[in-house]
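Below are two complexes that have chain A in common, paired first with chain B and then with chain C.
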Partner chain A sequence: MTTVDRKPRLRSLGSTEMVYLALLGVLVIGAVLVAVDGGNLFGTANLVDMLTRSSLLGFVALGQTFVILCGSLDLSVGYVMALCSLIGATTMAGDPAKVPLGIVVVLVVAAGIGLLNGLIVSVLKVNPFIATLGMGLIIKGYLDTTYKGPAGEVPASFQQFGYSRIAFLPVSTAVMLIAVVLGILYLRRSRTGYHMFAVGGSQDVARLSGIRTGRVLVTAHVLCAVAAGVAGLLIAARFGTGSALVYSSGYDLDSIAAVVLGGTLLMGGRGGIAGTLAGVLILAVLDTVFNILQVDPFFKDVLRGVVIIAAVAIYARRQIDRRASRPRFGPGGNGGPPKDPVPDEPVPAGQGADR
Partner chain B sequence: MTTTAPEKKATRPGVAVAARLFGGGSATVFALLVLVFVAILFLNPSFFEPPSLMAFAKKAAPLVVLAVGQYLVIVCGELDLSVGSLVGAQVVIAAAVIDGQESRTVPVLLLMLAFGVLVGLVNGLVVTVLKVHSLIATLGMMLVLYGAIRLWTGGAPTGALSEGFRQVGREGIDMPVLRQLPWALLVAAAVVVVAVVFMRKPFGRTLVAAGDNEKAAAFAGVRVWWVRTIAFVLSSVLATLAGVLIGGYAGVTAQVGEGLEFTAITAVVLGGVVLGGGRGTVLAAMAGALTVEALFTLFNQLSLPSTIRPTVQGLIIVAAVAWAARERRRPFLPQS
Partner chain C sequence: MAVAPLTETVLRMHGIQKSFLGVQVLHGIDLELRAGEVHALMGENGAGKSTLMKVLAGVYQADAGTIELAGREVAFAHPLQAQQAGVSTVFQEFNLLPERTVAENVFLGREPRRRGMVDADRMNADTAALLDDLGLSSIAPRRRVSTLSVAGQQIVEIVKALSYDARIISMDEPTAALAEEEVELLYGLVRMLRERGVAILYVSHRLKEIFDLSDRVTVLKDGALVDTVPTEDITPDELVRKMVGRPITSFFPDKLPETSLGDTRLRISGGGNEQLDGIDLEVRAGEIVTLAGLQGSGRTEIAHALFGVARFTRGTVEVDGKRVSPRSARQAVRAGLALVTEDRKAEGLALNQSVAANARLVLDAVLPRQSGRRAKQIPGILSSLELVSRGGDQEVRFLSGGNQQKVVLAKWLATDPAVIVLDEPTRGIDVGAKQKVYTLMRELSARGVAILMISSELQEVIGMADRIVVLRDGRIAGELPAGTDEEAVMQVATGQVTS
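Up next, the complex of A and B:
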């Protein structure tokens, strides 16, 4: 999908490359700031801190990428995480023999929630924002009613998943990176992966091209919920017990921010998991740097908000001329009045399709 | 997606009414509202004595005001997630600056108004000029406001509101039958009336047009970016007003406004206003807000444990929106 009159310099630099450049920039600035403060950002302790932070959000954002690529959204991930940490911890109940059972139960429950989300969105045609917000509320009510506090106990063998590390690489981060690689392969090599881009580009066109859009959406939602479930298991492993309070940590909005920071369009159809990983790492580096510099935690929120808006504004600048701004929630859109002159020659098929 | 079947002309008036009530879109919410009220009536007839109705109105007024603001943003195709933290910010600012001194009430109200306009302007310009998706732009604003207010106050709100400030949210005009006609009800009613008139004026029509088909609106000469920016400013101003009501009604805590953005969006969507813009009316958004508040009251009457409420709320939103979407795809009436 190339337009004729674009500066070659810009074309050679895709979204993903931009994100990694931004990550590099954040790393350099962070390292300088930390060095001025008399520390070393790349010391083992800080490196471990950074990577540990990224693993949890990494899982959630990985799943969120599939859903957003399809033009959907999942606001229930935080609650799914909390639920899964509790289910995992209570099923294991401190018995090492029950670890596999706990993992399986968690994944099945998470997949079930994802299935429900996907069916509500694709079959009942409920706006994903409302569908997943509603699902989140449903789970929240269940959690608040059933669990008054931390519950269950994770056996020491499974807590290794949360704590142990190989040199400076925490095991959880390694697992997350493997999942990311699998996710990239899935999107780039599998049929359903391709279909996700198509569905996100335009659901109608995808359906007219013979794609069962419903199945693709459901698959994306199931993958997203399962990823959130794994994040829940990781929380259980770190805390040694399940906790319902996880849902108030804002992982749902954070994961969306990481995905968008990674260059995936909120309206779907463009982007990828590699970018999301960079987005997650940028947020983790920022958090670590703020922590080392002992920035006021509330100031962190302010900076984080500004960084997210600024980053997305920069992408948006580039995406306007790519004619990539599509409506997020339905007809209409966010792209503003058409500024670029309409070319005289007929629009290439692929390009007309995703308007 | 949200393609809507063209309006069908009904053959018989009775069928037309039924179609409007159950055909999805705006009328469904009124049916749901009546249903909830009937349920409350069965459980607790005394709810319909004027004084307790007025108490209900006082409690529901802020959400109605917020829902109208959110409606303006949603109908032009955007979303405003920052209203909850803006309400919190305004209440905390008011408490800190007034510090219990009656003489500062009016200047602080003006200051809050200015702050509201500023926040709305930033939201609007970031969305329209910088082309940041409104979900992200207002999410960022939410984080910034949340952090900035706590940074400024050191984590816990300080100061106190003056009695004059709290009048609007708490007091009312004493009357014989109603016992008290709350100011909040008058404010909410005024907001709704002004909004209804506003939406019938050219600017309101332009707002809907921009949400329905941005390109067509732009070709027809609408300055879409300007219209949307104004919608964001109005949303923030109404959130400020809601902040005044909530501050008066509930006082100052660190949690004021938390989660209100989602409640307001829920109310608007429950009213049949389509996320993505171009469909829905102010009155339906107001009815959505009333329905949400009535549901909360119903949960109270049923003496459900407060923790289970989100579950019921979630089920109802999903069911209501699914119902509306189903009927939009398969029209109730056969083609005449």
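Up next, the complex of A and C:
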């Protein structure tokens, strides 16, 4: 049944595979550059640096993936992180016995913010960009008026979460990787995970299939905010105290960049957490390499920007190709109308009619 | 046609009425479907076929009338309810997620679970079983839908319908997007479903399909039921007559006396691209040529080719004897072309901008140096069209459809085009505004503009034309003189006769 089965296209490599290839490429190029400079990218210090960098962004981007998959967006994650680092540190107040309480309070507050974000987006139908930007501003205003500087104290036992490591693997990175695995399982095995792809792919199709799209969106936003909350705890553990200034570190946009770099469509419906992890790692490797080579910090941003745009441009091309229209007549030359309206030769890959 | 005995009536729709914004679209339609029959639903564009289908599918709710399923009255508030009751619909625009797999689409919203997790293996196995059952094991359940051909996607829709145990499947122009060899595949599938006792409501424009496939045919016209007859008791000619049979009214203004045929202003020779082939077309100054054809026959594609949206890859286009090959709408306008698009809201107007801004849009964008001078004519053009608005500042979205269309026309007339292409210029506008559009066409024609009008309304195709060019499957199927009757046009368009 050749009409149903089309030959897989040459460029049918999945996005995730592509991102991991890109990660490999970045690692190789980075290692060579560092080696030329007389260093070793895979030395313990550098490895630890890369992995530590990736843990914080990893949590945020993990959560962001759920939201973006649903076709939404969360710009409040940076503020949620800052708020949660402060709430965590002040609740713990240097008392090891209060560590569990601190964690629980942080997770509840984060989930509450996510719930609000989700409800504003799904019930009030506010564009997620505006909804979460507004939520971020609200949190920022609260932080700026309430906390004039670092506050709270994290007990030494919880600081382990920020500093200790097993060989070259920081504990925080290990926890992040576990969360990533759980996230992948959730998307691939739970009904809600399936429905996230559906909601992002087409709200109408999802609704017509009986999916409660609002709930799915809310769930994604809650997961995203909770992930940001965990990142906030990690910051508190690293600094030993809560800090409001984290919100200006650009984790909101970086997390979106990592998700998109990882092959998830910004419009939603396609992608996944495995890709996001690669996106996070690519950004971490770039940062580490730039640091070792002592690249000018401003130029560093230029390079990151170029990498992100280039990646998305490549994805966009693939999308356009896929949408190419269905040809009725071949591209052949002039001459009389052919008897058979269907071209005899197989359709060239570039003009594939797979819509 | 050897058919299993038609016995049990599975669906009875009675007295279905439906209005939109005060316009009645369905005037009390009765329809019965029996188990194991293919029931064709025919009618011109706008006859109410799609609306009736959507009422059955639960997309729309009828204003009056009853729907009985196997003798029990039902009312579907949501498409899902219809589906769960065994009524599935395969729409022209598929309800599929292209980025997900076949199985994920089939079981969307009711994924089987085991120990709280989605049981992907069972989902794939069940989908494979459904596909096997239809003899379509070549489609892998794990295949991403976007990698399937249109026919493949349609099959996924049908499999999804069957997975709900559909007793009734309605299909809206299922062959419209299929290549010829794919049509056979669909035929096979439809026949197989019929043998299993599924009732199929089959909407199509193509007479050949109706006679190949259907057991009975119901004809709608202008939202009213014309007749339901066994297909073997009717000839294609009679069927066409039932579809179009109505007198042509003297609704169309006469040609103005000063109109005279001049030189050829638009000439397409051997135009072709992926959708079109061998298009030879001439429009002379003062001439109105109308393009007729079924949906998807290539009418709009010609307009798009002229405007560089999907341009001709073969052949040549000349405007006033000068060879042009517009790569963009901008170049087309510079060459003297104007296109009033089919979808005025999406492609014709900036809805949240003012009447004045919209009317100047093309001038400002494409001919900025002349825009100041030419814009002076705009108020005159608008008033000659009798635009009803609260002034030039009013946002276009607050105007009625007819008045919006007048703004679109003004926008193009301001560019003083040599050739104006009107794609469905009267769709969705009231009778008075239609008259205005027709009058305007006559006036332009008298001024020596070449007019190419695309329309699905046979009445206006015939009523306005100096010549009628009929398209079918991307080619010119025939040319008919002014004053042809609707049946003749329909016969050429459906491939009944080639003239």
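Note that in this section the second predicted complex is superposed on the first by the 311 of 355 C-alpha atoms of A that agree within 3 Å, B and C clash if a C-alpha of one lies under 4 Å from a C-alpha of the other, contacts with A are read in each partner's own complex, and residues count from 1 in each chain.
Definition applied: contacts are C-beta pairs under 8 Å (C-beta built on N, C-alpha and C of every residue); 3 or more make two chains touch, one makes a residue touch a chain.
The model shown is predicted, which means the values in this text are computed figures rather than measured ones.
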Message: For A:269 in the superposed arrangement: first (chain B), second (chain C), both or neither?
response: second
Task: Could you tell me if A:96 is touching chain B, chain C, both of them or neither one (first, second, both, neither)?
output: neither
- prompt: For A:112, is the partner it touches chain B (first), chain C (second), both, or none of the two (neither)?
  reply: neither
- prompt: In the superposed arrangement, does A:190 touch chain B (first), chain C (second), both or neither?
  reply: second
- prompt: Looking at the overlay, what does A:205 touch: chain B (first), chain C (second), both, or neither?
  reply: second
First, second, both or neither for A:298, with chain B first and chain C second: first
- request: Please write out, lowest number first, the residues of chain A touched by both chain B and chain C across the two complexes.
  value: 204, 325, 327-334, 336-338
Query: Within the complex, which stretch of chain A touches chain B?
result: 120, 124-127, 129-131, 133-142, 144-145, 203-204, 253, 256-257, 260, 266-267, 296, 298-306, 308-309, 312-313, 316-317, 319-320, 325, 327-338
- line: Seen from chain B, its contact residues with chain A in the complex are 1-3, 77-79, 126-128, 130-137, 139-144, 146-148, 150-151, 155, 210-215, 218-219, 223-225, 262, 265-266, 269, 274-278, 305, 307-315, 317-318, 321-322, 325-326, 329
Message: For the complex, give me every residue of chain A touching chain C.
response: 1, 3-6, 8, 12, 188-191, 193-195, 197-198, 201-202, 204-206, 208-211, 265, 269-270, 322, 325-334, 336-338, 340-342, 351, 353-355
Task: Under the touch definition given earlier, write down the residues of chain C that touch chain A in their complex.
output: 79-80, 95-100, 104, 108-111, 113, 116-118, 120, 136, 138-139, 146-153, 155, 177, 179-182, 185, 270, 272-278, 310, 313-315, 473-475
